[in-house]
Amino acid sequence: MTVLEFDAVTKIYSVRGAGQMKALDDVSFRLESGRTIGLVGQSGSGKSTIAKILTQLETPTSGEVRLDGQPIPRRGKGLRAYRQQLRMVFQDPFASLNPYHSIRYHIARPLRLDNVVPRDQVDDEVRRLLERVRLDSNAIIDRRPHELSGGQRQRVAIARALASRPKILVADEPVSMLDVSIRVGVLNLLADLQREEGLGVLYITHDLATARHFSDEIMVLNQGRVIEHGPADEVILRPQNPYTQELRAASPDPDNHFAPATGTFGGAL
Amino acid sequence: MTAVEPQLPAPDLVAVQDGTTATTAVKGHSRIPWRFLGGRALFYLFTLWAAITINFFLPRMMKGDAVTQYLARNRNVSPEAADALRSLLGLDTDKSLLQQYIDYWALLLQGDLGVSLLHGLRPVTEVISQALPWTIGLVGFATLVAFAIGTIGGAIVGWRRGSRLDALVPITTFLSTIPYFWLGLLAIAVFSVNLGWFPIGKAYGVGMSPEWSFEFVGQVIHHGFLPATTIIIASLGGWMLGMRNMMLTVLDEDYVMVAQAKGMPNSRVLWGYAARNAVLPQIQSFALSIGFIVGGTIVMEMVFSYPGVGKLLLDATNAKDYALMQGVFLVITLSVLLANLLADVAYAFLDPRTRQTEA
Amino acid sequence: MTAVNDRTAQGASQRTTSAPATATVRTSATPGGGSAHKRPTFWSKLGSAFAMFRNGKSIAGLSILGFFVLVAIFADVLAPYSPTQVNHTARFQPPSAAHWLGTTHIGEDVLSQVIFGTRGVIVVGFLAAIIATIIAIVVGVISGYVRGWRSEGLSALTNVFLVIPGLPLIIIVAAMFEDPPLWVIAAVLGLIGWAWGARVLRAQTMSLRNRDFIQAARANGEPLRRIITVEMLPNLMALIAASFVGTVTAAIIGLTTLSYIGVIPVTTYNWGTILNWASAQGAFRQNQWWWFMPPGLCIAAIGVALSLINFGIDEYVNPRLRSAGERARAMKKKGMNVNDTVTVVRPATTTQENS
């Protein structure tokens, strides 16, 4: 079992001319493979900062991130090994793929970079990964991203993330830019993959409903601080913190057509 | 469930201490963006230093004999002037490089650019200051007119996209790819030689001297018409194309659609909303193109024998009057930097975003 | 616990009942699926790489440019006389059968001079543009990708070269050489002209750098040189092409201007030096149009060709420019003005549509 530990991490950005900005304040959590943590919060609450720190695009100001008990190395082979274990699916399916490269290239590249399979098996592995995300590999393998729909692109992004056989998957709002009608399909795909591969998934979202549907635990983030953390159903059905209660009240209730959404968020989150 | 008020100011990077950016902008009524302008002024000072240093090294990279011969040919130079010339032209190799550099700066700060051997040993600064007003007048006038016509024209062409006005764009672009000097020569050939409408060159008639009289001013306008018009026609295309492209991009924006949907008259949408936003990059490119404009003017002055700094530079080059050459280069650079700074000031006042970053 | 089991059951049932709406149907009857089986050939890849050149304007521009390049290459064969061949019996001749473009003040054939002049123009133009574009790519992309003082420093360097007036500087530098060979002229022109492209490339690189696919590449551990060369550069190609074309134009105009002024000595023929001689011999005053029109027209023609290529690239990069005029014309045909915000609505014809 792989364990990712986020230990009392604080991240402070200095903004030129405007002082400092605390993006994360003493955030801690523990993600084990096979489980999903839903990370919920408004825009600007620090969710993406956590994702950036996990993928080494940013470094914490204080606190530590550990994988299997080892702090994340800053460079060299250790960093490379860490990167292989933790992959990210980005929010924007239109921007996360390079418009100039074919789908084949997008998926083969991490295979080659990390030497996941021997050279001659790369092509087969690419097709296998595409089939796993339920895409017709023959039809799309030589296409460019702009020839695919949003849902297809996001599936390619998932396949790319799975290429290096990671143990932890960070999904940063993977469906918020997709049509509502296809969100469930992609989320179910993620759930199936998680189960089959035994992944630990950090599912970052602002959507409480899908967070509950998809996660074992939910963590609510507000202005960089974790204000509530518990089993999914507990946090949604019996929220303790007033902010969480507000969030829940702001979500539209499909069973309750005529009750207006209350709270200062109005009807939209 | 009671509505509990969560304490959440919108966490905006810029607004950490002061609240939202909206409140900051409202607070200050036309705040002068010191930081923005200060940064630009600092940059221009740095560029000026770079230009002066380039000027310092240029003659020192040449073969020294040319300069020595030049000085040797002109024996009537006074000793102080000769010293200044040696320092300016890199002949004082008896001193260390650092000392040369310091002496060079000392000369410049005293306003001593040497004497011009081409112009009877008069101080370079005096020679330049006689020629400078002509250049500024000609190029300033022509550029402003071209900018105005091009920007307004480009706005109209962009607004009326799909109409026959679109044909203006390739026409003016064609005109702008023709080299200035050829256009000028053609203009002379057609309008001066053949039609005799305009004089062939110079700023005013032979035998006249500058004075504030109607006749003189009339002559200036008469002589200056061809050069100015040539510059305007040649540079119109660039302004028009840039403005038209910006207009097309701006007209696709939602705020234009909102303005129209609100029932605003088309002219107000065009000028008050669309053009006002599309013109901002134009001002930036205006600042950047000042260097190119200067280049074109130099050639224009040669073609029309217009007594500005451009012709001064060319005559100096042909006569190998190095002190004058360097002096003109420095003055041109200084003017370009000043013009850039003015354009930045104009831009700062027109674009409210520069004021926002002051928070 | 129970929540997890519920989810599994739901997931399983949903998997069998609803296929994701956008998944491609996995039969071989997929339309277009047949052609997707074979990998793209080298030629089709090349074709798509040059897609920016495939519209009418670019093709027109490239043809004209190609014509001049051919003339430059085959000048020896095409020119009827040597450009320096003097013929004192046929001076200042207007165009005739023997001399299609007439003769100069010492009987040289103008047509041959123009043909041979093409060489200097093409060589210097392209060489200067290559030098300038390479410098622009290196400085622009690096200063756009790195952060902090290195980026600001390179940007300040670029701006210095941008602001300092180029022509006076070149005049002074050129005056210091006795008889510069062509490549020196090209190098100086290139060194003066790289700043504009560098600035544009820096801005675009900075915006690209924050795009997700670059972040993904970084997160996947791609080495820096591969990120710049393989991930970023293809996305910058259109800008680089446009900058290159623009620099060729500027270099050609710079060369001809400097030759006309006389700062560049008259050892090689280019269109500018022809105009220098023509002007010095008073051709403009004596209406010897055959002498001074062709070189100027050639400069203009090459300038137009390069502008057309740039227009083509512009429209490829910014489709709004291309379609804006077409959209407006299409609407005009239907009787609507593109600037109106009210569109004609179909009148209600069925009983279902009530007020």
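Every chain is named by a letter (A, B and C) in the order it is written, and numbering of its residues begins at 1.
We adopt the following convention: a contact is a pair of C-beta atoms (placed from the backbone, for glycine too) under 8 Å apart; a residue touches a chain by one contact, two chains touch by 3 or more.
Given the structure is predicted, the values throughout are model-derived calculations rather than measurements.
Taking the mean of all protein C-alpha atoms as the reference point, the chain centroid lying nearest to it belongs to C. Using CA-based centroids throughout, the chain positioned farthest away from chain A is B.
Rounded to a whole number, the gap between the C-alpha centres of chain A and chain B is 52 angstrom. Averaging Cα coordinates per chain places chain A and chain C 41 Å apart. Between the CA-based centres of chain B and chain C the separation comes to 25 Å, rounded to the whole angstrom. Residues of chain A found to touch two or more other chains are absent. By the touch criterion given at the top, residues 1, 3-4, 7-8, 11, 14-15, 18-26, 30, 32-33, 36-37, 39-40, 211-213, 215-222, 231, 234-235 of chain C touch chain A in their complex. The touching residues of chain A, counted against chain C in their complex, run 55-57, 79-80, 83-84, 87-88, 90-92, 95-102, 109-110, 113-114, 134-136, 138-143, 149-152, 155, 157, 160, 164, 181-182, 184-186, 188-189, 191-192, 195, 213-214, 216, 231-233. Listing the residues of chain C that touch chain B in their complex gives 156, 159-160, 162-169, 171-173, 175-176, 196, 249, 253, 256-257, 260-263, 275, 279, 284-285, 287, 289, 292, 295-296, 299-300, 303-304, 306-307, 311, 314, 318, 320-321, 324-329, 331-332, 338-341.
Those residues of chain B that touch chain C in the complex are listed here as 43-44, 46-47, 50-51, 54, 58-59, 61-62, 66, 159, 161-163, 166, 173-174, 177-182, 185-186, 188-189, 193-194, 200, 245, 248-249, 251-252, 257, 260-261, 266, 288, 290-292, 294-296, 298-299, 302, 313-314, 317-318, 320, 325-326, 328-329, 332-333, 336-337, 340.
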